[in-house]
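Chain naming follows the written order as A, B, C, D and E, and within any one chain the residues start at number 1.
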Amino acid sequence: GQVTVFAAASLGEVLRDVADRFEDETGHEVLVSFAGSSVLARQIQQGAPADVFISANRDWMRVLAEDGAIDPDSRIDLLTNSLVLIAPGPATPAPIDKTLDLPARLGDGVLAMALVDAVPAGIYGKAALTTLGLWDAVADRIAQTDNVRAALALVAAGEAPLGIVYATDAAAEPRVGVVGTFPADSHPRIVYPAAAVAGSDNPLNDEFLSFLTGPEARDIFTAAGFGMVDS
Amino acid sequence: MTLTGWLGPEEWQAVALSLKVATWATLASLPPGILVAYALARWRFPGRHVLNGLVHLPLILPPVVTGYLLLLTFGRQGPVGALLDPIGITFAFRWTGAALAAAIMAFPLLVRAIRLSIEAVDPKLEEAAATLGASRLRVFVTITLPLILPGLLAGAILAFAKAMGEFGATITFVSNIPGQTQTLPTAIYAFLQVPGGEASAIRLVVISVAIAMLALVLSEVFAQRLARRLRQ
Amino acid sequence: MTLDVSLTQTLGAFTLDVAFTAPAGVTVLFGPSGSGKSSVIQAVAGLSRPDKGHVKLDGEVLMDSASGRWLPPRARRLGTIFQDARLFPHMSVARNLAYGTRFAPRDAVALPRDRVIDMLGIGDLLERRPHSLSGGEKQRVAIGRALLAAPRMLLADEPLAALDEARKAEILPYFERLRDELDIPILYVSHAAAEVARLATTVVVLEQGRVRRVGPAAEVLGDPEITPMGSGAAGAMLEARVVTHHPDGLSELDADGLRLLLPRVARDPGATLRIHVEAQDVMLARRRPEDISALNVLPVTVRSIRMGDGPGALVQLDAGGNLLLARITRRSVAAMGLAEGQEIFAVLKAVSVARDGVG
Amino acid sequence: MTLTGWLGPEEWQAVALSLKVATWATLASLPPGILVAYALARWRFPGRHVLNGLVHLPLILPPVVTGYLLLLTFGRQGPVGALLDPIGITFAFRWTGAALAAAIMAFPLLVRAIRLSIEAVDPKLEEAAATLGASRLRVFVTITLPLILPGLLAGAILAFAKAMGEFGATITFVSNIPGQTQTLPTAIYAFLQVPGGEASAIRLVVISVAIAMLALVLSEVFAQRLARRLRQ
Amino acid sequence: MTLDVSLTQTLGAFTLDVAFTAPAGVTVLFGPSGSGKSSVIQAVAGLSRPDKGHVKLDGEVLMDSASGRWLPPRARRLGTIFQDARLFPHMSVARNLAYGTRFAPRDAVALPRDRVIDMLGIGDLLERRPHSLSGGEKQRVAIGRALLAAPRMLLADEPLAALDEARKAEILPYFERLRDELDIPILYVSHAAAEVARLATTVVVLEQGRVRRVGPAAEVLGDPEITPMGSGAAGAMLEARVVTHHPDGLSELDADGLRLLLPRVARDPGATLRIHVEAQDVMLARRRPEDISALNVLPVTVRSIRMGDGPGALVQLDAGGNLLLARITRRSVAAMGLAEGQEIFAVLKAVSVARDGVG
């Protein structure tokens, strides 16, 4: 059998590893299409041949649920993530709180983030900065990218002295160091929901979804820095 | 190091798919491209500027927007998609859709090139053919078409190169499903999303550049040879 | 076969308003640059649309503004030959020649391909490409291409104008052969007097978009009223029969009783051809001159004398029923005391005629 | 409904910035574009095919890759960027960088159009000018340049339209800083990322299409007029 | 000013290998199509690079393969006039004319603009665009443009070839005025006999890339050996002085004692001009003919008789020191018993010369 998974781009490598493991164990084939959550959501609205959708935020999953484009019964909150402040090279850790002097640390540089009103990582980051009262000081110094990986790349290349990305991204990029992790209560909870797509009567959907929450997948996800929702 | 050894099976698949998509996109857009170019070059009709604008739209719009428009039109729920689906023609999420997206994005380049060649054909030769009894269509097929071959070729290769590189509209319209719709550019994108994927991305970039360059150089050489043969 | 043309067409500041009938043979449209010759050809060929009028070929209506009938060029089957040969550059000569053949109606009586190729002397060029041909060769192929489309008529718009003298001399005989050997009427544009004189059966003189004169070639060209327009054209056309070829390279011809000696003409004894005698090559003498190099001394009668505005005068002569024109000075007219009805002699050098006047 | 009322101030800023970026991208790429087009059209030199290939690269590569390459080259840490930064020329995160990205993406289109016009100029006119004493440069400025104006204009407008729509390379290279580098396409992209953003996106699409269409139509009309004046 | 040319150049299958010296006046490169005339002009102008040889103008080396010196076209200052006028389509006539002026060296003695415009009669065209000019007007502007660049020499490659007879007749006098009124040497390509005869001071005859003959125009054109090449050219050139204009429209001229009557020439009494008498327009008579229309009967002495391959013969005559050629039939030579040294009469119609032989 074969199962087609539409997954948020930020799940990248890790989901492929999980899919490989699934294939090894079951002999089924997994096709993963990575793109921005919004692109995938719209495609599912238009009848994309996806069996399972894993979104990077709850908004798009909610939109699809309201449209009846996913099977509400199958919906689970799969993963959590955290937000970190990164800098090029090995970073000197600092507490991330109201006292953080971002402008000083930026110098004449910019703060790299994903689009702060559009892309989930950017939206979370803006929320966190606002909560901490740091937003206004840097609002016009933010270099926004179309996805979180591009923000990561800006810091990795040394073009931006600071950036806000997911912890999982930072862990995977050796050229950046983590300055600190944003307090979990400074932003809405970062959740990756997953669900079977309505109209997909693929018998493997349930098996794959439960595999995602199973122990083998859990090991891979946590090794990459994700948290599991149920833990 | 063989090419197959250097590339993983999935990457290899992306190369093959890109070639297929770009080839079909180019071939399939030739007939409408020629027609539109001919109309723009030779006919004076009310909607001329509008048609010209429409053709150029994909150049002006961000590719993602073009992709969305394609999705809204040719998706299963879309007006055209809903029409075609029952008779077995599906674009959304198929390689055919990738070809359609690539064709539409490359269309302005193709039409421009062909239009310029048509404008360079002396209408007097076409008149001469008409006085010899050839119908409009015959004149076109036997006189105009052979004379614009060099320009046609150049335009086709340009379109092919563009089709090989098309990303935004493609990923938005047909997604990025390995083996089905994952072309070279979407594969490169996927690699760039993955930490440490740069090496793989660069490999694919090199391949796609090599293919397009080869096509470009060959077309230049061939077009020059053709042009020399036609020089009166 | 008769072509009946009546056209009104406004082209920018220019107005074309012509009507004429072209009978069998070669009808030459003659007139200065800008007089509307090409415009007529375009309209007859169907390449432009006149505002009003009609074009009829042997009664078949090719276009008629009254009835709204309009045949597109491809349906008219008028073989058209342009000044710039307009060969298809991407085809060999052979394929150029064959181009029109396939579009000809099945029942059209086409000339045999071999005969056309032979007549035009292009047998050796068949595999060549147009760009490698000389201007003269190109025109011959263009003529062949038009003929092989089985046209009901030929239109030729200054087919020789772009060629130098040598090339012109090379092509002109082919048109004469078309006229003499084929039964296809030809509408031929020219503003070169020599061409007109050699080819024309009928001449239509255009001036500023209007027909100034129509008539048989001999009449129009021999008319002192009309000739000053294209002064070189002034002259006479004699139909002559080849009597014999002399061993010293001269040919003896007979034009209604006039005996002429000309440098060898390329026709067999018995053949008829036309000779163009330019008015300025004719000298007049009151007494038969003797011991001179000119071989042709013809007794003639003065029919009319037309004094020009300048120093010249044009004298129309009757030479045994043939019309001859002589351009001499007004001073000579006075000195010789020429008057209508006077019997004098016309002196004609053999080599004067030889140049390009025999066809 | 006035335009300012219809658009928020930030959107209005994006329109203005896009116009600025596209205008500069077009103007600044004209001189090198003309030079490269001239070289490709008239000179025979060893690296000709390579140059031609290089010029076409942005067409072939996924825009994101072009953006990364620009970042690696013209970023502050990049070899060229590091060189230029001390002398006050900075591209990274500036509107100038957006213009650079747009210019490079539009460059193949510009060069193609100009090259074709140059190839259509009769070298005999240039020879005539030389016999009258004009140096190569003077010949170019006084003869070639005026004669290719219609093609130049067409190419420039095409480049302008492309620059108005460029997204992938721009956002990757200079990201999206409102007021600095937020062009129309990035604004459109942002709206498309959030549920319910379509209406706003469509507003911006309409504006960008209107601008580009206007430029296209004007250029066609103007080019035709020019061409008519030059027709010999 | 003398142009010294020596060139070897391989062009495809064609080899050019010429050397000649062009003295002051008009040097005409004459020869059949494909003989290499244009190739010479190109090399002299600097538009092509010969494999070997040199081009020197008054001792200044424009190019020399031995020393490797090569002046680019712009530095040669040779005003070049092409068959297709090559006016700049985006400039008005005035700007076309001015184009070369600004590049001329400060110390170059340029012709006054007004004089050039006047001489060429283009004063009314200054605001026009090239595309609205007739072919003849275009060429006049092209000539003016070349002159106003203050050239040290003029090169003209068949400047009249693309024009019809009327236009040719319109332009030719301008070249004659250049020759007669300016001190600029001219290298002029033509394969039209009449042009050569009217313009040439020196004639260089080319054949298949080689120089067949160089010499003063009168000598080369009057040479029966050379004339069959361009048969129309055969003839004589007489330098003649205008004596007076008669009220009946005739002009009386004097050529070294020969009195000639021609239709009115456009020069004042006292002016000298040259008359081209084509060999075929000359009739011979053993006795002075009387009562004839021809006004010019000249006593001449037969210098040589050259029998042609065909029916013709070319007779070289001495007319009071002037050279005349007559083309007559071999039969007449025999009938008249012509022999070298014989004293006979040449008969010349005034209007024959009138056509295009006076300049």
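In this text, contacts are C-beta pairs under 8 Å (C-beta built on N, C-alpha and C of every residue); 3 or more make two chains touch, one makes a residue touch a chain.
Please read these numbers as outputs of a predicted model, since none were measured by experiment.
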item	value
Any chain in contact with chain C as well as chain D	B, E
Chains contacting each of chain A and chain C, listed by label	B
Chain at maximum distance from chain B, centres defined as averaged CA atoms	E
Chains linked by the largest number of contacting C-beta pairs	C-E
Longest centre-to-centre distance from chain C, chain (CA-based)	A
Chain centre separation in whole Å, for chain B relative to chain A (CA means)	35
Approximate Å spacing (C-alpha centroids) for the pair chain D, chain E	55
Residue numbers of chain D (touch at least two other chains)	68, 168, 189, 192
Multi-partner residues of chain A (at least 2 other chains)	153
For chain E, residues contacting two or more additional chains	none
Chains that touch, pairwise	A-B, A-D, B-C, B-D, C-E, D-E
Residues on chain D engaged by chain B in the complex (per definition of touch)	49, 52-53, 56-57, 59-65, 68, 109, 112-113, 116, 120, 158, 161-162, 164-168, 185, 188-189, 192, 201, 205, 208-209, 212-213, 216-217, 220
Chain E contact footprint on chain C (complex, rising order)	32-33, 134, 161, 164-166, 191-192, 232, 246, 248-250, 261, 263-264, 280-281, 283-287, 289-295, 310-312, 326-333, 336, 347, 349-352, 354-355
Chain D contact footprint on chain E (complex, rising order)	45-47, 72-80, 82, 84, 86-90, 99-100, 103-104, 129-131, 145-146, 149, 155
In the complex with chain C, residue positions of chain B that touch it	124-125, 127-135, 138, 142-143, 146-147, 229-232
Residue ranges of chain A touching chain D (in the complex, touch as defined)	36, 38, 41, 59-60, 62-63, 110, 112, 115, 117-119, 140-146, 150-151, 153-154, 157-159
